[in-house]
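Order as written gives the chain letters A, B, C, D, E and F; numbering starts at 1 within each chain.
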Amino acid sequence: MPRFQDRALDELRPSLIERDFTQMALGSALISVGKTKVLCTASMEDRAPAWLRGSGKGWVTAEYSLLPGSTPERSGREASKGKQSGRTLEIQRLIGRSLRSVVDMSAIPEIQLVVDCDVLQADGGTRTASIVGGFVALSDAINRLIDMNRISKRALIGQCAAVSVGIVDEIAMLDLDYSEDVRADVDMNVVMTSDGKFVEVQGTGERTTYSKSQLDDMLSLAEHGISYLMDLQNAVLSDPPKPRSK
Amino acid sequence: MPRFQDRALDELRPSLIERDFTQMALGSALISVGKTKVLCTASMEDRAPAWLRGSGKGWVTAEYSLLPGSTPERSGREASKGKQSGRTLEIQRLIGRSLRSVVDMSAIPEIQLVVDCDVLQADGGTRTASIVGGFVALSDAINRLIDMNRISKRALIGQCAAVSVGIVDEIAMLDLDYSEDVRADVDMNVVMTSDGKFVEVQGTGERTTYSKSQLDDMLSLAEHGISYLMDLQNAVLSDPPKPRSK
Amino acid sequence: MPRFQDRALDELRPSLIERDFTQMALGSALISVGKTKVLCTASMEDRAPAWLRGSGKGWVTAEYSLLPGSTPERSGREASKGKQSGRTLEIQRLIGRSLRSVVDMSAIPEIQLVVDCDVLQADGGTRTASIVGGFVALSDAINRLIDMNRISKRALIGQCAAVSVGIVDEIAMLDLDYSEDVRADVDMNVVMTSDGKFVEVQGTGERTTYSKSQLDDMLSLAEHGISYLMDLQNAVLSDPPKPRSK
Amino acid sequence: MPRFQDRALDELRPSLIERDFTQMALGSALISVGKTKVLCTASMEDRAPAWLRGSGKGWVTAEYSLLPGSTPERSGREASKGKQSGRTLEIQRLIGRSLRSVVDMSAIPEIQLVVDCDVLQADGGTRTASIVGGFVALSDAINRLIDMNRISKRALIGQCAAVSVGIVDEIAMLDLDYSEDVRADVDMNVVMTSDGKFVEVQGTGERTTYSKSQLDDMLSLAEHGISYLMDLQNAVLSDPPKPRSK
Amino acid sequence: MPRFQDRALDELRPSLIERDFTQMALGSALISVGKTKVLCTASMEDRAPAWLRGSGKGWVTAEYSLLPGSTPERSGREASKGKQSGRTLEIQRLIGRSLRSVVDMSAIPEIQLVVDCDVLQADGGTRTASIVGGFVALSDAINRLIDMNRISKRALIGQCAAVSVGIVDEIAMLDLDYSEDVRADVDMNVVMTSDGKFVEVQGTGERTTYSKSQLDDMLSLAEHGISYLMDLQNAVLSDPPKPRSK
Amino acid sequence: MPRFQDRALDELRPSLIERDFTQMALGSALISVGKTKVLCTASMEDRAPAWLRGSGKGWVTAEYSLLPGSTPERSGREASKGKQSGRTLEIQRLIGRSLRSVVDMSAIPEIQLVVDCDVLQADGGTRTASIVGGFVALSDAINRLIDMNRISKRALIGQCAAVSVGIVDEIAMLDLDYSEDVRADVDMNVVMTSDGKFVEVQGTGERTTYSKSQLDDMLSLAEHGISYLMDLQNAVLSDPPKPRSK
């Protein structure tokens, strides 16, 4: 069964990042990966979380949400249900950990940077797209705070990106769309930094188990895709961000 | 004090509606009014709300949310707080009532159309922009359901749009942006149909009271603005919607 | 179809305010409008809301509730459901805004006055009755605080009252009871001050739309009814409140 | 230290029951015990609770609430906090069990009677006043349902009432008001039926413990007070209830 | 109908207390009464509850939970339902009041001792077992805090224990197991101190009422059972607790 | 820095599984890994989750909780906070997925097996201990249901176990205790089946990133530890479970 639009097994869907899609938050990026679209914004809060106050350190956290109209079958609004699902909480914890891996917490003292990832359209890979776009929003926010002399220049200590890989019908493939994801035997999300190291590897065999060699195949595909996405991030970020009036 | 970019007192901010900004929901529109941007989607649920079942009627409802990064000061996410604010509930009740005024509930039997209005960027007038954009999304959803022979042709019985007006420094003006809204003595939201009738008039004197003649002035301004926005809706909707594969 | 007990179109239902129905709160009034009965109490809290602290200003807020046994069909208790409905929140926001229009916030520094409106029996018009009775409770609370030298004499800067009007079978009428309300095409709540100005106008065409001339007719009826209710408030408040031992 | 208004140790506060204080619910009573005022209403729901359906039996339950303005220091509204306190839940469980002791559940098949006890003014003894007034409301509701041929004539199988007793400064006394309750070493609530049997005995030594002879003294006082309150119930209920139009 | 394993009417089920079953909390006891098993732990929190701060006093509180797998029919997890039942809150209030009766709050200044009672297996009598085991955990926690010079030596001012009694088929009996509890006409929980005084008496006639002489019979049985359980507590606590490394 | 009690880098802590520690649920196991103790129970619910009904399939799910007294610093009770943390939800999703990998859902039609993992004492590795002990409880529950002819014999299709591995001070080691976990640069949880395949690999570099060769080292250690734990499971399960009376 060929992939949609004859995509190769190691080929990403067409991907695009629109910088500053909105302009209220300190950083903003609309990332599209195939039909998946995620609006990522990075905002600053003047207070670190309670458990960190007085430590001289700051924090980076993330929140994630599927807009109700982002899916063919409308997904219920968590705000009206009164609680976030386990899936949502698990995803936002992953995004937060990933982004923290490239920020020096002692360089953003007593503040918190919050990266909001709101999925406008969902077609698989929303959590990894959130990390890729979230990094762009976060990077711009940090650079604007540096320009405003709010934080030190060494706050951003690396670059990170993420991609999903999986095994469908016993074949490892890169960047599953939704129709592939529901048929997948194994689903894996990989987050890496620009020095080729892993931040997160989360591989789940929901329908079947997987061998060590399959794991290795998936990690190779992921490395390949992440490298491409980092080029995309770098292209978007090549100019310094425009100053925010605020 | 002149308005931003020397806007006239009876002039709307530059407004734009992007039809089918997303393509999972049955209808979708991204409306921009100045810096305010709202993504409106219309989805169908196969079941009417419980209190209506078996009546042979359907229902139209709306949900509204500010994305956390839509404001200069990040606004907390209601899903993580575990409840929607009174402001949110009040706004979504207004949007729902307004859109129901142009739909024949007996022509959409036993289904529910849900219009989600998610504010990507907030600079005043988000609830009225939601009604204007929500109408476009709803209209497309209804026409697609007609094309799919799911509902009868006479479901959409009118056109509605909305605008805010207010009194700032004793002067009535159309379409307040956020900086005007916070200085306003009186804030009024008006929803009308294309036959020049009112669906909703909500005028609040938060800082001062207002006279009958001020009320009349504001209603005239509103009528003028709504007429313009209806032209915009008609231009966007002039072609029939493209079929959804779903 | 004649009104109950042959009431005229511009006639209020028999209305009565019992001052000091309870005596724990600083002010208390039981208002009856036809069968509708609302117990309004005004209490003082020593702290202004968090967002106002240190500003030298105080605040007035309102809470509203239908007692479960107030309706022929028992209405569920919001405390046991764990959340207040959109209707409740919308109503208490309206009552709070209305009562704030007659209080000088800088004259009640760093305190909060809370007006609780608990509906003992509901037969239409509960939100407007709450405003009428709430004003009496608030006025007594403020005057008692003045007598106790807790706040300055100029805290109360006006008088407000409210009434509902509507269009039933194409006829505008004053003060709808429940049986009229469910048949109404248009329902409007109007809040005014004693100088004939509007605090709030909220007109909703749930079943149909309405023209400008119908709007004007409803506003005239409302002005007439509010004038009567202000006389009733004045009669009740003609003597100074008795001191509270507290 | 003498009691307020030189009340004897075995003397109830002045008590009054106003039947049909409201007229929407099937039964209604406003009970005053000293300054304590509780509005009790009894409503019918057409469905028994889920766990009982199909058993041929019905159920009686109670809900209790302090109105925020019922106390000198305003008590927070549980509906806005989003949960009921342990105290509230404990009290309403007690009221429910007490009232169930006098109803034959098989005589009210597949329905639920809900007794709402809303405290308009709180000065001690609100839970026992709720039982006394709740019985009157429930009795009227049951008799009206019998008149409407909804339930069988033998549904009400007894009469119950309740009173608080306590030990203050080592002295046992009947019917503690709030000022006595806060000083009490031991606080006991007793619920009895008209045949002199106990439904509930709940004695708590919050500040100190108590001996068997002190327990016996308190039970004697309680029996005396309950006998008086049953006479009051009987006087109020001596005529049959007026028919409800509903 | 004889009792399980021919137990006499005034005989407790086999009871056992394992001290220090876990070792993270300051005190820990696993109590078994027949098949009922409750793990009780006592922990210290460095801050008194808000309403007590600055008073120089401390507080003792309790929390109670049924593990979902503790009952033959799995009981839902309250954490996932999002609220604790009325039963849970009522029980933990009882345990807390009981344990506070034997602690001098001024001897544990500005701290809070929390006794957690988690039911691993439920076969009747879980609330009274929690009090018996909770006392052991609390006693060890207090003695360890004394050894660590955190609190004064006179914090523990008594010993308390509890048992259930009831009337089944008109016969009073001690320590009901679950099968007896569901058939019981009257269910009573009694908490006493070692000087033979009552802390709590809670007797409920859910299915029938009870006479004064039946009450007296139940209290005698309870006194007998509590005396035995106090011996068990004393045996377990005869040696001083081993030091905690923490 | 040597490990506690000179444990080797590839050595598990002393581990023990007590089968049938409680006897109400269909399966029960108390697992100890070092000081970590988790009580796992498996219960049956007669209905599959709503989304599965009518499919002829069943479901296996898990719930996880830390008892408040399981940690040196008392952890707050999620039931009283009213929501489960993201950590809790993430862990119980992991346990559920892992256990589902060894059950054939079509062999347990229209029922749900719930595995509750309640941590009595927490010293690192609670989620992996929950999987190891949860498998034992689940296996016994399934075998008892087979004995009761409730489900088919082929429901259990494999064996699974789990362990944590990590990198501390640049050294990979097996089965981190809490003191190691807080110092770890990388933390990884691995779930495998008895045929040497992976169910889950979750590796997180919270403090630093990790290379492919470090990943491989950790996976080797995990395979070694899991093999030992599977022997332990097999030893415990070598006899068939005793019948449950229920």
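In this text, a contact is a pair of C-beta atoms (placed from the backbone, for glycine too) under 8 Å apart; a residue touches a chain by one contact, two chains touch by 3 or more.
Small disclaimer: the values here were computed from a predicted structure and weren't measured.
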Shared interface partners, meaning chains that touch chain D and chain E: none
Counterpart interface for D-E, drawn from B-C, C-D or A-B and sharing over half of its contact pairs: B-C
Chain B-chain E separation of Cα centroids, rounded to whole Å: 58
Chain A and chain F: spacing of chain centres that average the CA atoms, whole Å: 29
Overlap residues in chain F, where contacts from two or more other chains coincide: 82-83
In the complex, chain D residues that touch chain C: 21-25, 28, 35, 37, 39, 41-45, 63, 65, 67-72, 74, 77-84, 88, 114, 116, 118, 120-123, 246
In the complex, chain D residues that touch chain E: 83, 85-87, 89-90, 92-93, 97, 100-101, 192-193, 195-206, 209-212, 215, 219
